[in-house]
Each structure stands twice: as structure tokens, then as C-alpha cells.
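Note sheet for the following structure.
Read from first to last, the chains carry the letters A, B, C, D, E and F; within each, the first residue is number 1.
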Amino acid sequence: MTEQFERILITGAAGALGSRLREGLRPMARRLRLHDREDMGAAAAHEEIVRGDLADFASVLEATRDVDAIVHFGGAPMERPWQTVLDSSIRGSYHIYEGARQNKVPRVVYASSIHAVGYYAVEDSVDTRAMHRPDSLYGLSKCFTEDLARLYYDKFGIESVCLRICSCFEAPEGRRHMWSFLTYADMIHLVRCALRVPRAGYTIIYGNSDNEENAVSNRYAGHIGFRPRESVEPHRARVFDTTDAPDAHATDIRHVGGFLCALGHPDDSDDWRV
Amino acid sequence: MTEQFERILITGAAGALGSRLREGLRPMARRLRLHDREDMGAAAAHEEIVRGDLADFASVLEATRDVDAIVHFGGAPMERPWQTVLDSSIRGSYHIYEGARQNKVPRVVYASSIHAVGYYAVEDSVDTRAMHRPDSLYGLSKCFTEDLARLYYDKFGIESVCLRICSCFEAPEGRRHMWSFLTYADMIHLVRCALRVPRAGYTIIYGNSDNEENAVSNRYAGHIGFRPRESVEPHRARVFDTTDAPDAHATDIRHVGGFLCALGHPDDSDDWRV
Amino acid sequence: MTEQFERILITGAAGALGSRLREGLRPMARRLRLHDREDMGAAAAHEEIVRGDLADFASVLEATRDVDAIVHFGGAPMERPWQTVLDSSIRGSYHIYEGARQNKVPRVVYASSIHAVGYYAVEDSVDTRAMHRPDSLYGLSKCFTEDLARLYYDKFGIESVCLRICSCFEAPEGRRHMWSFLTYADMIHLVRCALRVPRAGYTIIYGNSDNEENAVSNRYAGHIGFRPRESVEPHRARVFDTTDAPDAHATDIRHVGGFLCALGHPDDSDDWRV
Amino acid sequence: MTEQFERILITGAAGALGSRLREGLRPMARRLRLHDREDMGAAAAHEEIVRGDLADFASVLEATRDVDAIVHFGGAPMERPWQTVLDSSIRGSYHIYEGARQNKVPRVVYASSIHAVGYYAVEDSVDTRAMHRPDSLYGLSKCFTEDLARLYYDKFGIESVCLRICSCFEAPEGRRHMWSFLTYADMIHLVRCALRVPRAGYTIIYGNSDNEENAVSNRYAGHIGFRPRESVEPHRARVFDTTDAPDAHATDIRHVGGFLCALGHPDDSDDWRV
Amino acid sequence: MTEQFERILITGAAGALGSRLREGLRPMARRLRLHDREDMGAAAAHEEIVRGDLADFASVLEATRDVDAIVHFGGAPMERPWQTVLDSSIRGSYHIYEGARQNKVPRVVYASSIHAVGYYAVEDSVDTRAMHRPDSLYGLSKCFTEDLARLYYDKFGIESVCLRICSCFEAPEGRRHMWSFLTYADMIHLVRCALRVPRAGYTIIYGNSDNEENAVSNRYAGHIGFRPRESVEPHRARVFDTTDAPDAHATDIRHVGGFLCALGHPDDSDDWRV
Amino acid sequence: MTEQFERILITGAAGALGSRLREGLRPMARRLRLHDREDMGAAAAHEEIVRGDLADFASVLEATRDVDAIVHFGGAPMERPWQTVLDSSIRGSYHIYEGARQNKVPRVVYASSIHAVGYYAVEDSVDTRAMHRPDSLYGLSKCFTEDLARLYYDKFGIESVCLRICSCFEAPEGRRHMWSFLTYADMIHLVRCALRVPRAGYTIIYGNSDNEENAVSNRYAGHIGFRPRESVEPHRARVFDTTDAPDAHATDIRHVGGFLCALGHPDDSDDWRV
């Protein structure tokens, strides 16, 4: 199959997930444009590197020009103080959608998060039509962008697939990951599915692998065609051997958002870090 | 396993699907009775050929005598002018159910269609309890027969399984088929499942293969036991290579009914054809 | 308030309900056009009388010309043999909607019936999004027309309000009427509400008065603005005094469709009457 | 009844609704603290006037000290350019909730808006558990604050009642107001209900009067005890006499958000005004 | 209206509610049979007094002979030790339904309780189809009897109306009663509605008066025809004046079950009393 | 993986399922305590045998001391007279939960049954949030214990997983088993899943194998991680060959509870047996 797209923009391309998409999306477009405020190394022949800050609208407007699709993985990657969340994630996402609107980009694939609904209990089997229940400023910024995406779909016809990524790391580390883990390969596959479908409309979908346990439901997202191909199960024995049985009533075990539910409010110091 | 049924009637037996059922249902009954107004060739030893028009009640009454089950695939196979739909599909289906009632046939498997709910959007994940949203006179006649079947179940105890067949052809041809395609083998399997279950009651079930993408939900039809065994995926590369990316907002891409949603109203000329 | 409409067509204008609408809708339009195959007496100054059969498309096409709204109360008024239902109600309703389409009439108010969902139990609290469960050929024709109306809304933008009238008579006669009764005044008010709202879209609404008991739910139809103003309660003592306590398990008491659920299938004789 | 509260803070106290609450809430607290960046005139004996900008956290932190409840009606009152919405409504609301958290204020009553769900159709009967569908940057900021309130409830136990006010003006002006109108007296009553209930938890409730027509549902908000006491009906004749029948398919008639659905994107000029 | 019933049995007839039903149901039956293990005073001309223990099946079998309907208000009236709940409420209710079955009594009206679902939050708007969430052994025995009633309906056709009575006392005493209060007159009216309807099937209905606040929903029980005629509102000022503002997060304020949610487990001593 | 638990109590350890759990759970705990009133043979080195009656609280209190989890499979294994059900299953389950509370056991895995909801029809696709519909005293005792478990979760934080086991035998015997069959290996796997998850909360889950047909839905129980590994399909040919086609309308075929729905009420003789 030849590439489906002429040019895809990836934001957050220097990040943990973005850098993997840089490899993973290569077959889908003739050119990949990469955006981040961090160094992204040298551009390959099929790549265009645009360094800039999501908080800078001029930069974003430029980055979104002449692209067929945006894979928006930029923004604060975890709980941060309000000003950081505001600039990177709220203002940044607004700039992305305004860029898409002004540059007539038809579809955005957005890295939302399980933390948009983190306060549901594991046993709630939360689906993609449930109300928001953010567990952090981070989660709140994901809610904001999901609603922003909805507005731009209803009003301007820009399609969005909001990926509520659960736990996407190199390897699982705790028992909660037995349901929430998403392998890097499945993450890339999920983005590719969201890009390839002829009709996305406005869709929310959870991102976790084909694990035996599952605390969220994609029953309303079958049209995206995401069937995870990997599983956390090969890691089960190691995870159980290296962790203690948790308290089932602890906030971070009870809720799908995990430890962000248990985390206090970030203070405003510049060096506040989870 | 010996045959489960003594005699099954297949209507529309000369049609694209009916002729395949003629082969596919052979193991299920000692005798197959075949009904169509078109030529069906010669009868095999286990077959009974009854040529006639569904619009002729006397013929249908005769065809439905002494059968254990009816597999009703007859009627106009696609959008047609009103008078054709009325005669073949509305009056024809009424004749089938009246035949079943007068001849005490306990179960009907009916070839309904995705076009009974064609105006739902792909991202609606429409299930089998949703309200009708026909996309054509063809779809309207499917709605009518589903409701007719419901009446005959509630009032007279005749069981029905209404198969909302999506796209059942030799091979997929467009990107919408990536979710809607039903292989012939899976179609036959679906009919066999609908026949073999001890209890069908009144059930609606979608007919599409085990494709990665899926825009409809059989979550309320698990008791039928239909697990498709084939998939459209082997065709994906060819389909993508030979088709252009569609406009996600076009009526025929947005709605599960596809091009019938985009089609105008049929005029009344005898030679009107989609 | 001056009349909201220039010309409203009322079908079935000689019938029990139609004749009351002839009076009741007078303030809403400068001219009322009345259609029926029965004699309607002399036309008042603001009236146009068109005698004809709904089964005759030419007559319906003529009747629907130059009207702002259609109040479609014509068709077989109760369970009848198939051929009668087919001609008066199925073909007749198709003609009405085709007339509306060809003559660009923007809205139809249709006399559907509780019998479109007659097999729900009284304790089901059936709402307007539930699947059809017709209890008779009469009910089946109501289901057909509701689906027809949905098609013409989704495809051609013609708005419809389908009134599922429960029991609209001069006075209540049995204990089932304690929930199902709709007074003539409330029936007229319901039609006026359906006509006056700026936006109807495609809406189904139950028609019963403000009775203490209620077995159906209009929770999804509040936008129509129908608040019944009368009640069956003044009749309670008389109804209870003149009727025996019914068997709670009898088919006609259990289901919202009442005696039509208990009625057998109509035979095909011309003089079959409930 | 003596005052239930010691001190209530009203933000946006100089606004159209805030100034009416200044009168209306007088019986509920021993002292009212009023906050706005506009002039609020002289303070009465029971009043404390704090002039300041919601975008200034220090000012908000001060204003929220020593209050029992916050009635948050401040922020941009209608569609505005992004920077204005961001400062007044997004940053402003965050400051309010942070003020509440740091000052241990147990409950916030927030002036959300129908525009948080403006893209639902009138016939959808949208309830308070439906997903957000904002129709404007204004609506988007309401979605943000509702989610912010949810976070502060789930994480910090601060109760919120989010009032999705529909159309609260001096008098109704168009036919859409026949369902959406909220009289000033009912608006005040709604705020008082939200303050007086012993348990609010996190609740969303629509604010419209007891109008005959209604396009939204408070079926999940009965515990607030809001029963509107007035109605738009006395205005019906005048409204109908002075307005033309609208096009039922026009964006602003079809959707509950009205004209904000039809409005384009605000440009960034300082003097942009709806 | 003459009496609808020949003979109604009231259990718990010496209790706070039962003694009021003794007066209130007088017009509904030619004879009232009263059952309790406590003294019930002298029988009026239309009364039959049967003293006995619900835990004694022989007594119950005798008491249920030749009655048209059973109004089952007996059993432990509040949280009690397990053995008491078991004998009075679990074994007692079983005896009642077995008596009904053996004596062919067609309908039972049962005093269930809000405590069958006490752990739902006030803001959940719990309806009558929600799963049980008992808050006490008392509530658990109500759940048991509701399920017992369901079994006897599904298997033996005995109709039941389970009244989830909220707070039925002489006068309201706390702010929770502002939604939960049921006046004695409304309680009697509720029982009469449950008796008079021609079809009850198996129905659960909440019992609270027409209070402005309401934390439960009877949206699926409209067919019973219960419209409360009184309200707690006349008591509001007194209740607010005589009580302190509660903590919204306290267990007994948060949950519909009130103080039973906050109560510990009863010990097994004979004199344990709430 | 080393054993997850220090000591698990299995009740009903001499029964058909309990004896298999005795083997199957061996890898999960350092010690297994086995309880039954029947002989359990000799204890292995890792086993503790406690013979006693569930109806005897002292015995149960002792058995539940110092255990990490309880696997409660004791009680009457099928329909029995009331007194037996009361003692073994209702009183017995109460004793188990009281033992768990007094001995601070954090989790119970309970052998509930499909008979707690036996009166749903096969085509209802009943899920785990549906209301109870017991089909027998046996099923009623399962409902009771599920509600008891809910109370002890909501009030005391004891987690429960209620396994609604469908048909767990050596081999399937009738066509209903084509959906309901649970192999012994899958039963053991189900219990292990219920024990191993870090968070169970209060969860209900159906127990049937990965059969093609399925009449129940675990869509809300994915967090338990139960994916059956076996199927009834290898038995299909034999089952069909050795059984007649059933009547689809027969009570035991129509309802998920099977023959218990068709069974009459048990009489009170000691030797009554299904």
C-alpha cells in the first residue's frame, strides 16, 4: 500500500510516545512533519523538523500548514503546576485546533488520557460516552481538549479521534498495569487505525492492550478498528513477584486514574514534578 | 449430525444469496424447498422447486405448507420504485408470514438489511434495539417486515431471526466494506446459527464478518451464537490501493447505509434501476 | 394571534377525530382543506372540501398542493383485513408523504397510535424511543408510517410529529381508560402543539390526558409542549361502578394495546369488522 | 427563617444576573460579599464590595476568604475572542476554585450555560448526564469549569451546583425562548435552592422556567428542589405576533444552543462583540 | 363507589402505619382482617382481628385464607438484631407469600423501604430498576422480600406492589425529610392506588410526598397512578429553624438511606434498639 | 509466582465444585482451609480440615479466623425445601459474612448462580446490573447473599465477587448447555481471577465458558480478567445427536434459568429432592 497521506504533523515528536510515532507512522505519509520545543535530532529525508512551542500560536499556525492530518501528542506529559498546564496543554491545544481550522486540516488524532475520567472506579467499566471525571490538572486539560475537539467537529467539521491512553511505557510496573498497559506497538497501531478509517467523525477511544483484565470499554468505538495485538500477560509473573498486594480501597487502586487520584494539588513552583 | 430439519423453504432461491444458501443449507434438512419467480434450474434429489411470485398469496401458501422453517430471502434485492417494493417486499413478506401462520411453521429466518437503520452514523455503534432509520424504500420494506415478524411473534408465537445483512458480495470494493463486508461463507453460517438455536424468540442480528472495523453492535444477539469466521482484512491492501480516500462528511460515508443514503427517490418507471 | 398557517390539509376529515379537528384547528390557518372519501357536508367560507380516496395517488397529490402543513388522520380507523389496511393506511400514507415531498410541504402531523407498541406491558412505562411492538395489522400500519416519516425526514427534511393516540372517545368506558383516555379537547390541543412549535424534527409523542395513572412516557417529547389540560378522573367512580374488576393477567389488561392484543387475526372478508 | 449562611460571595455582581442576585440572596446570608471588575455602586449595611478582576488570583484569593458559599456568576457573559474567554472564564474559574480550596469554602454555585451542550438538537431531550457539546468558546469555557468543579469535588470534596442557564432576560424575544426562557425570579429561586439543600454533591441542573415547551431534562436533578414558579406562556401571543415562523432546519433553531451554533468563530480583535 | 374488595388482610395492623391503614382502607373492602402479634383493641363490625406471629406459618396460613388482597406491613419496623430480622421479616414474608400462594390471593401490597437502596447517593436520582443497595439488616430483609415477591410473580402469577416508603411519620424532623417525607394521608393514598389499579404486575414504587426536593424517581411507576397530594413544604421554616446545617459529606446526609447508613451493625442482645 | 495468599477458606469443600477448587486453588495460598459438613477425607500437608455446619455460627466464626480470603461455595446446591434453603444458604451466608466482618477478612468469592436471574429470557442478553429475577428458592437464596455481600461492601468495605455460575458439570447434556456450560477448568480459572485482581470492589460476573452461543453478558465485569479458555463446542455434535429439538416456547427453554423455571414449588418434606 502506498502512503495514505501526503504530510502528517506529529506534535510532541521528541517525547516518549512521539519519538516512537516518528518511526511508526513512517509508512503512512510521504512526509512527516515533526514539532517539539525539545531537540529532535536530524531530519531524515522524508521528515521536516519544526522546533517551536505549542504556546506560540504563530509557530503552530506555521506547523499546521499543508498537512493532511495532525497527530497531536504535545503538551505537558503528566501532572504539572497550573501555569504549565495552561500554557502547554490548554493554550497549546487551542492553537492546534485553530491552526487546523485556518489551514483546513481535516482530521486530528489527539493523545487524550485515562486521566480525563480518572475518578471512575475500576468496577464501573467506564465507556466513552460517560461524563468527564478528571483526576488532576493534567486530566482536566485532556477534558478541555476533548471538548475543544467536539466544538471544532460540530462547528467546523474537523474530525477528531481522542485516544484515552492508559499506561504506555516500556514495561508494566504495578498490578494496576495488568489492565491499563498499552505496549508501544499497540499505541502505534491505534494511531494508525485512527488515521486510516474513512470516517472518524468525533470519536473517543481507550488505549490499552489486549490484556486479560480491562477496566474500560470501547464498545462504542468499534468503527475505529483498533484491535490490540499485544498483551501485558507475559509480564504478569514478574509484576506479581516484585510487588506487594495493594489495599483494594486505596484511592489509587480503586480508581482508573491510579496514583494521580491520590496525588495532591501541584504547587506553583517551577520545579514541581511528579 | 443428522439433519436438524425435515424441510426448509428458501425464498429468493435464484438470487445471489439464495443460490448460495441452496448449497449451504443442504446439511441442515432432509429436503430443501426452493422458491423464486426466476428459473432455478433442475432440482437435486433432496430439493423441491416451486416457481412462483411472492405477490401471489396462493403460491406462497402452497410453498409454506409442511415446512419446519422458512429462510426468507426473497423480495426486491435493492432500491426499486414503490410499486415493486410494495408487491415484492411488503405484500410478499405479509404472504410469507400468513403462510407461516396458516401452515404452523414455527420459525422464519429473514434477510433484513443494514438499510433498515441506514441513517445512523458510523460512529453511533448502532445496536439491535435502536429505532428504525430506513434509508430507502428498500430499507423501509425491511423495517416493515421486521415489525411484521414482531407482530407474528407476539401474537402467534412464530419465532423470527431478522438478519440485518450489511454488504454480502463476492469481494469488497470500497473502504466502507472494511467494516460492512460479509463473506458468503459467513452469511451461510449466520443462517445456520439462526436455524440451529433451540430458542430464538424474536431476534435482530447484524450480518458482517469478523472485520477489524465494525460500525454495528451485536451485543444483544449473543444467544444466536454467530461468530463470523472470515474477515475482510486480506482484501485491505487491494481496496486501499484501488480507491481514493473518501470525504468523511459525504452522506454515503457518514451513515451506515452507505450509498443508499445518498441516492434520490426512485421514480416510478418500470425500468428504474440502481 | 393571527393564523400561523396559510392552508392546512386535514385527511380523514369526516372521521370521529378529523371532524373535531375541523373545528379545533380553525384558528390556526387562514384556510382548512378537508379530505375524506366520505361525505363532509358543506364547506364553510374558510374551508376547501376535497373528496377522494387515499389509495388514489392523483387525488392525494392534488390535495397536498399549496399547503403549509398536513394533519394526516385518514386511513382505516381500527383493525381491518389486510387488503383494507394495505390500501387505506400503507399505500395511503405513502401517497401522503410523496405528495408532501413533491409539493414541498414542510411538516406532517400524523395520527399514529398506541397500537404501534401495543405489546408492551402496562408496567414497562414504554417511552418514545422503544422498538415497535405492533398488536394488529392496524398497529403494523402505524409502525410503517412512522418509519416512512422517519425516512422522509432523514432524506428529504420533511418534519413529522407522530401522535401515538391512546384512547380518544367521547367518554371512557373501561378501567384501562383510566390511564389511556385522551379527551377530544386534549387531542385538539396536542395537534395544535405539534403544529405550532418552531422545530419538530422527527418526534413521536403519546396522546393521553392528564390522568393520574399513566402507562406510557413522554419524557423525550417535552419540546412539543403538550401539557394535557383535562383528566379522566371525573369519570372514575362511574367507570368503576359499571365495570367488573378485570383479570390482571388477561392479555388485554396486561398490555398497553388493550383488546387489540387479544383479538385474533382479521379474516379477509369484506365485511369483517371489530 | 434566619439566614442560612454567614457570608456568601457573589462574583459578577455588577452583571445583569449578578445584580439581581444581590437583591435576591439578601435573605440567605448575614453578609453578602460582591465581586466584579465593574463599578457596583455603594455597599449596603449587609454588603461588602470587593472590586477586582477574576484573572488576578491574589484578588480572588482575598475575595474568597471567610465565606460559606460562592455564587460564581462572573466571567465573559457571551461569545468573546479567545484571549478574553481564557482570562475571564478559564483562568477566572480556576482562581475561584483554588480560592475555595485554599480558603476551605464548602460549596460553589456556578453559572454554567446551555451552551455547554448547545449542539444537541431540540428533540434530543438532553439531560444532565450527556456528554458536553459546546457551541462556542463561551460554551467551551462552561464545559471547562464544569469539569474543574468535578475535579474539585472528587479530589477535595468541594460541592458544586452547575446551573445550565438557558435564556435569562427581562422578556422573551423569539420563539426559541418559548422553551428556554428563565425569568429573573426563577433564576434567583434556582440559586437559592442550590444553596439551601443539605447535600448537593456534584450536580448539574438546567435553568428554565415552567414553560409548556421544554427541550432539556432535569430528571437527574430532583434533589435540588428547583420547581420554577413562572412561565413564558403569558408572552406567547406577543412573541408569535412579532416574529416570523423560523426555518425548522436552520442551525439556530435546530440546536438547543440557538444562535451561538450559527455564529462563526470570533476574531481576535479587542472590540469583537456578538 | 362500592367497595372494590371483599376482604383485605392488613398485617402489622397494630403498628404506626398499619393502624392508620385500618382507618384508611375502610372504604375499599367489605371486610378488613387485621393481623399483628400486639394487641389491636376491639374489632369494629367490618373488622376481623387475628392475633398471631408472622414467624408462625400456621397462623399466617389461616390469616391469608379467603382474602382478595394482602397489605403486608408487618415485620421488624427498623434495624434490629439478625435473629429478629430473620424471624419477623424474612421468615415472616416467606410465610405471607406462601399463604398467598396456597390460598390463591392474587395481589400483595408490601411495605418495602428506601433502605433497600439506602446506599445510593442523594444525587444519583435512583429509580425503581436500580440494583439493590441495602443499608442495614432491615434494608436487607426488604431486598429479600422484593425478590421473593418477584419470584412469586414470575412463577405463580401473584401480583405485588412494593412500596419503598421513605420517611413516614407524624411530622418531619430533619433536613433530609425535606425530600423523603411521606405524610400519613399520602401513605394511605399510595396503598389505595396500589390496590385499585386493574394491572399491577410486579411493580416497585417510592413513597414520598409531593415535596419540592426529591432524591428518588418513580419514572417507571406511572401506571400505579400515585400522585401525592401533600407536601413537606409547610414544615420547611420550622425544620430549618430547629436544625443545624449538616455536613454534606456525612454518610447519613450523602446517602438516601440516611442514618441507617451511619449506624453500625446491631449486636445480638435481645434489647438492642435503634 | 509464590502464593498470593497466606490462607484461603473454601466452604462446601466436599461438594462437586468445592472438591475441584481444593485442587485448583492449591497454587494460590500457602494453606487451604476446607469446610464442609460432609466428610472431606484426609488433609494434605498444606490443608486444614474443619468439619461443621454453615448453620452453626460458632463453627463458621472459627473457620473464618485468620484467613485472607473466603471462597464460599457451601449451601444447598440445588432447589430444596424452604427450611433447608433457609438454614444452609440464607443463615449460612449470613454467618460467613459475619465471620468475615468479625475476623477482618477482606474478600469473599461467592458461588452465586444464574438462578438469581433465571426468569430473564434467553434473548434478553441479561447483564450484571439487571434486577434480580430468581426462579426458585435456590435462586432466591443467591439473591439474598448477593445483597448481603453488597451491604457488607458498602458498610464494612469487605469486597465480594459474586460468580453467577451457569451450568458447571462434567459434560454438557442438553441444548441449553450450548450457551450455559462452564467447564471445571474454567470454573477454577474464574475463582482464581476473582482472587488475584488487586481491586474487586463489589462485582457480579457470569460463569460460562467461551461457547459460541451466549445468553448473558459480562460487559461490566471486564476488570476481573476472566477469559474462559474452553468451550462446549467439541460436545455439540453429541448433544444434538442425543437430544430432540425442544419447544422454543417451553418455560425451561425460554428462560436462562432452564428447568428451575419450570419446576413447581418444593414441598416441605425432608426428602424432597430435585
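Everything that follows uses one rule, which is that contacts are C-beta pairs under 8 Å (C-beta built on N, C-alpha and C of every residue); 3 or more make two chains touch, one makes a residue touch a chain.
These figures come from a predicted structure and were not determined experimentally.
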{"item": "For subunit B and subunit D, chains touching each", "value": "A, C"}
{"item": "Recurring contact interface, reference C-D, options A-D, E-F or A-F [over half identical by residue number]", "value": "A-F"}
{"item": "Cα-centroid distance, subunit A relative to subunit C, in whole angstrom", "value": "51"}
{"item": "Where subunit B and subunit C are represented by their mean Cα positions, the distance between them in whole Å", "value": "32"}
{"item": "Approximate Å spacing (C-alpha centroids) for the pair subunit C, subunit E", "value": "41"}
{"item": "Shared-contact residues (touching 2 or more other chains) in subunit D", "value": "219"}
{"item": "Chain pairs in mutual contact under the definition given at the outset", "value": "A-B, A-D, A-F, B-C, B-F, C-D, C-E, D-E, E-F"}
{"item": "Subunit A - residues contacting subunit B, complex", "value": "1-2, 4, 106-107, 157, 159, 193, 196-203, 219-227"}
{"item": "Contacting residues of subunit F [partner subunit B, same complex]", "value": "121-123, 125, 175-176, 178-179, 211-217, 219, 236-237, 240-241, 245-246, 248-249, 253-254"}
{"item": "Subunit C contact footprint on subunit B (complex, rising order)", "value": "82, 86, 90-91, 94, 98, 101, 119, 129, 131-137, 139-140, 143-144, 147-148, 150-151, 154-156, 261, 265"}
